[in-house]
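Scroll down for the structure; my scribbles are underneath it.
For clarity, chains are labelled A, B, C and D in written order, and residue numbers in each chain start from 1.
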Amino acid sequence: MNMSFLQELFSGITRRDALQRRFGTRKTNYDHTDLEAACHELLYSDGEAASIVMASRALDIYQSLGDDDKRAFFRALGSNFAADPDKIDEAYRIYRGDRSNKHLAGLFEVCEPLRQELFRRLNLAQGATYELVKMRQDFLALMKGHKDFEPINADFEHLFGSWFNRGFLMLRRIDWATPASILEKIIRYEAVHKIQGWDDLRRRLDNRDRRCFAFFHPAIGDEPLIFVEVALTKGIPDKIQPILAHDRYDIDAPELADSAAFFGISNCQVGLRGISFGNFLIKQVVQELKQELPNLKNFVTLSPLPMFRNWLEQISHPDSGQLTPEARSVLGHLDNPEWARHPELAERLNEVIRPLAARYLLKEKSGDNLPLNPVARFHLGNGAELHRINWLGDVSENGMKQSAGLMVNYLYVLENIERNHEKFTTNGEIVCSPSVRELSKLGRKLLQGEPEK
Amino acid sequence: MNMSFLQELFSGITRRDALQRRFGTRKTNYDHTDLEAACHELLYSDGEAASIVMASRALDIYQSLGDDDKRAFFRALGSNFAADPDKIDEAYRIYRGDRSNKHLAGLFEVCEPLRQELFRRLNLAQGATYELVKMRQDFLALMKGHKDFEPINADFEHLFGSWFNRGFLMLRRIDWATPASILEKIIRYEAVHKIQGWDDLRRRLDNRDRRCFAFFHPAIGDEPLIFVEVALTKGIPDKIQPILAHDRYDIDAPELADSAAFFGISNCQVGLRGISFGNFLIKQVVQELKQELPNLKNFVTLSPLPMFRNWLEQISHPDSGQLTPEARSVLGHLDNPEWARHPELAERLNEVIRPLAARYLLKEKSGDNLPLNPVARFHLGNGAELHRINWLGDVSENGMKQSAGLMVNYLYVLENIERNHEKFTTNGEIVCSPSVRELSKLGRKLLQGEPEK
Amino acid sequence: MNMSFLQELFSGITRRDALQRRFGTRKTNYDHTDLEAACHELLYSDGEAASIVMASRALDIYQSLGDDDKRAFFRALGSNFAADPDKIDEAYRIYRGDRSNKHLAGLFEVCEPLRQELFRRLNLAQGATYELVKMRQDFLALMKGHKDFEPINADFEHLFGSWFNRGFLMLRRIDWATPASILEKIIRYEAVHKIQGWDDLRRRLDNRDRRCFAFFHPAIGDEPLIFVEVALTKGIPDKIQPILAHDRYDIDAPELADSAAFFGISNCQVGLRGISFGNFLIKQVVQELKQELPNLKNFVTLSPLPMFRNWLEQISHPDSGQLTPEARSVLGHLDNPEWARHPELAERLNEVIRPLAARYLLKEKSGDNLPLNPVARFHLGNGAELHRINWLGDVSENGMKQSAGLMVNYLYVLENIERNHEKFTTNGEIVCSPSVRELSKLGRKLLQGEPEK
Amino acid sequence: MNMSFLQELFSGITRRDALQRRFGTRKTNYDHTDLEAACHELLYSDGEAASIVMASRALDIYQSLGDDDKRAFFRALGSNFAADPDKIDEAYRIYRGDRSNKHLAGLFEVCEPLRQELFRRLNLAQGATYELVKMRQDFLALMKGHKDFEPINADFEHLFGSWFNRGFLMLRRIDWATPASILEKIIRYEAVHKIQGWDDLRRRLDNRDRRCFAFFHPAIGDEPLIFVEVALTKGIPDKIQPILAHDRYDIDAPELADSAAFFGISNCQVGLRGISFGNFLIKQVVQELKQELPNLKNFVTLSPLPMFRNWLEQISHPDSGQLTPEARSVLGHLDNPEWARHPELAERLNEVIRPLAARYLLKEKSGDNLPLNPVARFHLGNGAELHRINWLGDVSENGMKQSAGLMVNYLYVLENIERNHEKFTTNGEIVCSPSVRELSKLGRKLLQGEPEK
């Protein structure tokens, strides 16, 4: 064993170079068996300084693997890094005899899948946290449908839940004075209304009436976890295009705004799916904005209605028989790509689509009795209220295709958040404004065969 | 339920004030049952934003409790926040039938003591991480000897191991430009050679030949976890008093030093006992120093020998019969508090004490076949070598009382660290210099009845 | 000429070492002729990179000189670094012939004393700005009364006025998170109410109802120029001892304070005497405090009355005949060091001293028709109002000796500052409260022979 | 007079708003007489806090003026803000009688053009330093050729020389972690090889073998003064296109580079023309690079040869008779825009152009006996050596048009810088490599009628 490795590691040469010197330059084509061996070596070490080296090595091997070897490694996580059934049987036998905390601890210890300890030890390496997040991203993509997908995924979530505890997250304002290395990631990760490049980005960040905030994690450095874009407006905005326009004027002074409109919330890390930040983010941003601008009265989203067009197509299918014939006939005009340019036609569509959207949001539920629409589910679950459904709120190609041009305002009324949240989670009740309720009633009439309530 | 609480929380009033308004001002004398109720409420929440409020409340109640109520709460952690035996039985039954990862995950989940989830949720509150560290400090003090001490302690360790993962720690240099709020903690926490106030601190930090480094955790802010004090010297130092002297001259330029002597390593957080940082700290500091001062050749400690005097007393007890009569007679002079001032007497003691110290370090082991002496155990376990035993190395009152005035150099030879560590952990082998080996041979002769080896 | 000097300079060895290598180790005892030679060399260089070296060298020589050589150097600044009379004659002749800007520029250039260009070039060296400030400190101490004192002093002031332009100053809050290296200077420089060490400092900085701000200059780093200590109070305070007390309670929350009392303003750099910062400092601090604490209503000082006791002694001298016999007799009790402890005696003194103090502040003027008292002159010149004269406001030994125990509140009423300032500078008018006006009337009666007004 | 102005200023509303309230909203179309009045008001104030308001106002009026009014104001600087001839006459009379420092100071004071004091007082306003830099930029553009251009320009330079003293400049590395607000200025100000947008910028900053450094001034914030782009290379590069290429590979590790090539130095502020930073910048960057990368051996430029094509045209004009007919005939091919694509033709041009370039650099001087070529003048004046003239070093359109495709390496040999600088400034001597000397000899033969030397 070449003993100069740790010395090299600590004398500043890069990990990759040090590894190369230690393990030789010939072997560059690792496969999953090398990785498994490295992981076992790491698990049987004592968790101290030498383990850093082994953790680094294992992560480097992982990164060099192709998809097939990664898949094989993930499968091995299920088979070779689970738990020892004999030890479990023995620990359970003892626990059953004396159900003390001591024996519970013994049982818990042997039940913990070995891969959890493996992930914790891999996390000893420099920069490992982010590499593990990317490992899970691979896992989600490569193992979908595999029989061990759920339990291994649960192990990732279990640890990430600890590491990305809300108490460890740091909120930072993103603006034009932010390092370019972060800004380029904002451009890349914006998922709702695509940023068209640096000039577009600047418009979104560097005006007096724009704000952007992101969560970061101290062990991950400059990689944002999630961010939100905010427009400061007079009145609650009902359309996204004026907000994104190239040639718009900003308001004279942010102090004049009475509303903060959250018009884009983007998760940045696929590998952190299921670890929820959005809820905390919105509420912490509200707090920041209130402190900076005490005049703000409304905290509201301007949100898309993804999948709504799909749902419209389903219900207007001749076989479904759900819609009144008149409504179905009107909806047929949606196939005309020019409909929005014909005022009369648009008006007729408006009279059908917004009522149906209200119905869709309030009544279409998943098996868990929560809204089918994922955006509604998120904001209503956070305690927001369904405030307004805006006609021709997003006339971009994507907006027309996904949401039939609609945009939705969800309103965060601070003193109602807790109560709304409770109603929603307890019995699926959705708090909405009278205007939406009115629309929903109209919508009911457009849907044939729906029983009186 | 008063719904303005979250609003208050997010509008910037302090947690304590908000809580007071919510839960009324009358109830200020909480007891452990209030805390348990608050913890249950937290556990049955959905882990989202509202939970932050509940976590804050529970921590505030905890802080207001006296020792008796805290003790009652810790006992409840054992009884009411353990796991559900019926669920365990059921999950085990299923797992025994099909030992898949899915059912392992099911079993693992129900085996996890509820208090682990409780700690994770408490950690949602602002500043909670540090408050949980202090909670464990209370736990260690109040529950010693309780039947559930070990398992609950293991739950703390399990989570702290995740949260204080080495990858999350930040090394910072401590010097005279460090905020006073941190420096006062350095004064308070220095455990090896007490710092006598700000002037003494300045001498230790603000000279060209002194360095100090500490680990911090991002969620804990300005509270150091552990720190190390370093003297840059020409040659390996053998005495601590010249290093701490008020009137010493520092070396002309740090570039002229060939040795970095670690003369004090202090853990700051009792509540983090058992979560090891020292090993990582020393090695990362070595790395920093090498980068700053490429001329450094020796990385070495100047360490005390705690408990050595105790051991000497044991072996020199007439009944023990371990020492030669001559040696015992010489050691009797240790009772003369003035012995160090009589050169001839000191010389006779030297001839007995240093050989016995070598013997003590190399041969006196615990049940785990590792050295009895905790400092030796730590540095040798890190891969250091036992380099030198220094006569009259610490003539302070404490140094005489604990270590009979001896100080020890443990040497970190980078290219040997891994190998030394391995030898030590595998079969308890201690790497030492020829001079120490020689002393040990002399020591053997002073110990009667020891078998030839 | 050894050409490796610049190389050494730029390769990171210290200036002192580089200079030593260049100019040899033998010559360490420089005298003023060496310094003058180095200054001439610098002046005849072309002001580019090589000049940095020469400037460094000249400053190093200066620092090594004793007082006699420094004095000789300052004298040489007058004789050898003035201007060339022949060139002035010639330039004036030309200017007289054609009073164009071109010829004015020519005349201006040759009239500028050479030492101004010398100071500018010395300022090229690393850290030179602060060393020039200390050079002026020496100058003020060593050259007092010399015939060239005023003109050379004017040259320093001319340049320092440019370099320490208000636009270059940075306001920083000083608190317990400030680096110790700055805090120890705050302890050292506090001139009004001596800070007794780190614990006392902490009391002044680290309470919710205390603030401290200082101006820094970017080229001088961590050396404060001036700082102000502020107490947040309910009501305008009239006594300093409760503010400095060890065992006081702070107010519950800074938001509850309605007054900010400036109780100590200390200039830190003797060498910057005459370059005024205090005015800007107070107004910028007012701005900061208003932003942080909108509830603040009064911005006020709690100021000493230095030299007042002196003035009392003068007017109560039997020969002066200024005081009524009764008043003189009462003032005689001031010689009793215990007077403050005898309530009746104190009351009689109160009836004489406060009226006289009001008179002293309002009527005793220098030749420039501005108040004799330097503190009054400063705050009234800033546009403050004379608000209140407080009996037994400072009962420390120094307070009794200097100010007969009085303290004065000067009030900064933002909307009146400009107007007050104008009245004061235009015709010496002092704005004061009715109560002070009343006192002053009483004071008039105590002063014999004063004409009716 | 509305007295609430200062209050408004200090209570956080913007300067512009405060001014508007004070001076009324009706007057928005200021002209130069308003500005002159505001400047006089400022000059007759006492230079304390109220002056900040007046300085702000004057700068705001200035910014609102059109070019004609600005021009009128600049003319007024010459006529109404000069000096008082009577006072000068009187001060000179006194000085002539007694040539003491006191009277010199008196004369100096009245000779200083009033506009210098005006500029100093304008500099009291927030952000004024940068606004004065932009004022000079206007001045340079608008007053070129005016009779008072030189003296007023000298006043600007005099003050800027003090304010932008090298000791006040801060060197900062520019890389991909630099705020976008600074990076966009780098894109805008790059003057040598235009940056094509953010992607191009990233290539120049964010590779392991690229560096960029800029000088900043503390009172000007994020506005760079000058910056330099550096390529780390193996060997001294002779062509710019490979350095700027989109698809190039960077070197494996910066540690492998032996050369640092400065390939672009851009001044950012027209208004600071004549205030030299470039020299200090290069030398400080050399220092930084040596510290980071001790392996670097060559510090060298890759510089254009602006105006060279012009010079070629002059000497090849038939009337000039300077060139041999053969050379003239060869140079004629430069008119063929395709010449670089014909290897044989290019080779013949090479044999004429490089020798002539060497001649041009070494022998073509201005009236001050320094090189005609501005880039050569700058680097040789800094102490660099003329190292190499590179054929087809810059084949961009601009490079062909300006420099006939040549690029020049100037070498900074640290141990020779001072000596080279001295030779150059003393007697115009240029240090060059043997290869350039050889080329120059060839060049001499191509120039008819040049006398033997």
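One rule holds for everything that comes next: a contact is a pair of C-beta atoms (placed from the backbone, for glycine too) under 8 Å apart; a residue touches a chain by one contact, two chains touch by 3 or more.
Protein names from UniProt, one per chain: A, B, C, D = Malonyl-CoA decarboxylase.
Here the structure is a predicted model, which means the values were calculated and not measured.
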Labels of chains that are neighbours to chain A (Malonyl-CoA decarboxylase) and to chain D (Malonyl-CoA decarboxylase): none
Same-site or different-site touching of chain B (Malonyl-CoA decarboxylase) by its copy chain C (Malonyl-CoA decarboxylase), using the half cut: same
Pair in B-C, A-B or C-D that repeats A-D, with over half of contact pairs matching by residue number: B-C
Most distant chain from chain D (Malonyl-CoA decarboxylase), judged by the mean position of its C-alpha atoms: B
Computed distance of Cα centres, chain D (Malonyl-CoA decarboxylase) from chain B (Malonyl-CoA decarboxylase), in Å: 58
Chain B (Malonyl-CoA decarboxylase) and chain C (Malonyl-CoA decarboxylase): spacing of chain centres that average the CA atoms, whole Å: 50
Chain A (Malonyl-CoA decarboxylase) and chain B (Malonyl-CoA decarboxylase), separation of their C-alpha mean positions in angstrom: 39
Arrangement of touching chains [line / ring / star / complete / other]: ring
Pairs of chains in contact (touch as defined earlier), listed by label: A-B, A-D, B-C, C-D
Footprint of chain B (Malonyl-CoA decarboxylase) on chain C (Malonyl-CoA decarboxylase) - complex, ascending: 176-181, 183, 197-198, 202, 206, 222
Residue ranges of chain C (Malonyl-CoA decarboxylase) touching chain D (Malonyl-CoA decarboxylase) (in the complex, touch as defined): 1, 3-7, 10-12, 46, 48-50, 52-53, 78, 82-83, 85, 88-89, 92, 95-96, 99-102, 104-105, 107-109, 111-113, 120, 123-129, 147-148, 150-152, 154-155, 159, 161-163, 165-168, 170, 218-219, 276, 279-280, 283-284, 286-287, 290-291, 381-383, 414-419, 421-422, 425
